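Have a look at the structure that comes next, please.
Note that the chains are named A, B, C, D, E and F in the order they appear, and that numbering of residues resets to 1 at the start of each chain.
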Amino acid sequence: MPRVPIEYRDASAQVRAIFDDIKRTRQVDDVNNFWKYLAHDPVMLTRTWQSIKEIMAPGALDPLTKEMIYLAVSVTNGCNYCIASHTAAARKAGMTEAMFGEVMAVVGMANETNRLANGYRVPIDPAFK
Amino acid sequence: MPRVPIEYRDASAQVRAIFDDIKRTRQVDDVNNFWKYLAHDPVMLTRTWQSIKEIMAPGALDPLTKEMIYLAVSVTNGCNYCIASHTAAARKAGMTEAMFGEVMAVVGMANETNRLANGYRVPIDPAFK
Amino acid sequence: MPRVPIEYRDASAQVRAIFDDIKRTRQVDDVNNFWKYLAHDPVMLTRTWQSIKEIMAPGALDPLTKEMIYLAVSVTNGCNYCIASHTAAARKAGMTEAMFGEVMAVVGMANETNRLANGYRVPIDPAFK
Amino acid sequence: MPRVPIEYRDASAQVRAIFDDIKRTRQVDDVNNFWKYLAHDPVMLTRTWQSIKEIMAPGALDPLTKEMIYLAVSVTNGCNYCIASHTAAARKAGMTEAMFGEVMAVVGMANETNRLANGYRVPIDPAFK
Amino acid sequence: MPRVPIEYRDASAQVRAIFDDIKRTRQVDDVNNFWKYLAHDPVMLTRTWQSIKEIMAPGALDPLTKEMIYLAVSVTNGCNYCIASHTAAARKAGMTEAMFGEVMAVVGMANETNRLANGYRVPIDPAFK
Amino acid sequence: MPRVPIEYRDASAQVRAIFDDIKRTRQVDDVNNFWKYLAHDPVMLTRTWQSIKEIMAPGALDPLTKEMIYLAVSVTNGCNYCIASHTAAARKAGMTEAMFGEVMAVVGMANETNRLANGYRVPIDPAFK
């Protein structure tokens, strides 16, 4: 029997409190499927949301930069759900199509040169140690 | 017999021309080991440098943002050489220790939630399609 | 022309013998699509089944623990087919929804801290060498 | 200038409080290098420890099973620090050499069949949807 | 708003020139979706095509061997688009079903033994240094 | 207490028989560290050797092609032991430095375009389905 998303109307008080905080923080009308599935484990839902809320808040880096880094990791790992949701989140935070193209270019090149460094077994320069 | 780095004094004219362009573009006295190993294949050296030069130049994104994305990918892939060299490059471009900590936090969280999305088999929200 | 699954009725004697052994060992009426596709290469089908049969048999670890480890790897790699089939196999072996949630929590945290250890370039403690 | 581990004697009150909690929870005399490096970012140190403490506590799964899953993910990702530290942690939790061998066997086979499922483009069986 | 493929009739002169070169080089009537999506960023389209054209041309290795290596990497990374397109490209270059089976067998075994070497923490033999 | 390699003189009869078969098949005087570590688990040693022996034998693909594919996967996964040992094995099977450079070029490009296909969310062409 497959897992189904847990909608607000069917959620426990603990889950509703997290959903409410997500909606308030992100100023959205409903939460993404990601949260509706994590809601099957309220402890995980709570811990994951609190970590993300803390990490993605503005700090030394602005939210747009953080979302582009999130997208870069998701593309590297090939997580289709995450690519879709974080492309949307980065756009909402201000990523233009030109910025998206440059993120992709850097991600592609980094994935290429990571393997060239592996394959040529390049030793770390003393200056980088 | 292991591969050795190709130093400027031992390099062909084609390789020297690339080394010179790297040093001029990055305003450094010598090139990294990465380039000294790729120099075993001058065609690859040339193509890789020209691509990186084009990709890492300022555009819609500034060089610091690009270096942090490069670092995020390298950390995700576990490429030790690339982590060392791009941490150095990002610092040179202005990454503070506080920024480094936030890059790591986002990279860690993205790697975690990528797997939660995989494991819970979360379907893509219609709004993200 | 796309590859199609090889059904029992269309299979060679060698393939049927493996299918029969899978059904007997797992006490199922039919084999999964995975085996019906590997059947295009009977040598690979035979070798893969014999390895899995040996590895997944009860030993120092019970079948449920083995299935949860299999699932953890599949989630880390993002293999959708394997996530679906090994979630089903782990449930059949006794994985409850609470256990599933804890597997996911550990998998997520391990994927996160693997990257933090990479990014901070943490040296191995002498005690762990 | 390379990052160095932050020792207890040099740590802030916030970091010391976390180090104390790690030592108390795990009943160890000193914390691993991992924590001494994360201590450069006390907010990350705190969040990461609180998450790990919650996740690795006994629950529906026992601590040994959780440590073996942590090890399986670390081996799949090739994180050398994490492989070393979680092999030690799993042994402390009761993993015998025979159990280690079986974890490795499952991890190896899962990494193999993940790619066979990818390469043969095996569609998910209706029963697993 | 989702991205759409850019068809020849809607493409700029720069994009058309690349599409024409792809069609001429590969002797095909139309380009793959991959190129129609990269066309959103003509600079990336141009750089990527020129790199692939240079790399995949016959050299010390024949085109079939190169395509099978491309497929092996794509299967390891779990890139579904790339698995589909490079299986087709390898077949066009002469890959038989028997060759495909052997590529898969090597890819599967390499992914397995990579993890065994990680997990057993095997030190590099002096002869391989 | 760290694991140590098991040398022939200290090995059981079962392990010696496998070591003898490896030496005879590969015409070498001693086995690699990989086998000396797997020897801690004679069942795994036996299964892994028999699988590799079957897979790496000449078939529809020649041994050199198989070794280059093995190397391509190991470079993609960043397995340092495997990169070192399979570079040596590929050279022994006839890989020249020019061939090595082309393997690296294809591996680098495949790792790059795998991510571009992910990031641009390119749908599979009907012709490749």
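Keep in mind that, in the parts below, a residue touches a chain if its C-beta (ideal position, glycine included) is under 8 Å from a C-beta of that chain, and two chains touch if they have at least 3 such contacts.
This is a predicted model, so every value here is computed, not measured.
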| item | value |
| --- | --- |
| Touching both chain A and chain E (chains) | B, C, D, F |
| Chain located farthest away, centre of chain E as origin (C-alpha) | D |
| Remotest chain, chain F as reference, centres from CA atoms | A |
| Cα-centroid distance, chain B relative to chain F, in whole angstrom | 27 |
| Geometric centre distance via CA averages, chain E-chain D, whole Å | 34 |
| Chain A residues counted as touching two or more neighbouring chains | 2, 40, 43-44, 48, 51, 76-80, 84, 87, 101, 103-105, 107-109, 111-116, 118, 120-121, 129 |
| Pairwise touch network: line, ring, star, complete, or other | complete |
| Chain A to chain F touching residues, read off their complex | 71, 75-76, 78, 80, 83-84, 87, 103-104, 107-109, 111-116, 118-121 |
| Residues of chain C defined as touching chain D within the complex | 2-3, 32-34, 37-38, 40, 44, 48, 51-52, 55-56, 59-61, 65-66, 68-70, 72-74, 76-77, 79-82, 84-88, 96, 98-99, 101-103, 105-107, 109-114, 116-118, 120-125, 127-129 |
| Interface residues, chain A side, partner chain D - complex | 2, 43, 47, 51, 54, 129 |
| Chain B to chain F touching residues, read off their complex | 40-41, 43-44, 48, 77-79 |
| Residue ranges of chain F in contact with chain B within the complex | 78, 97, 101, 104-105, 108 |
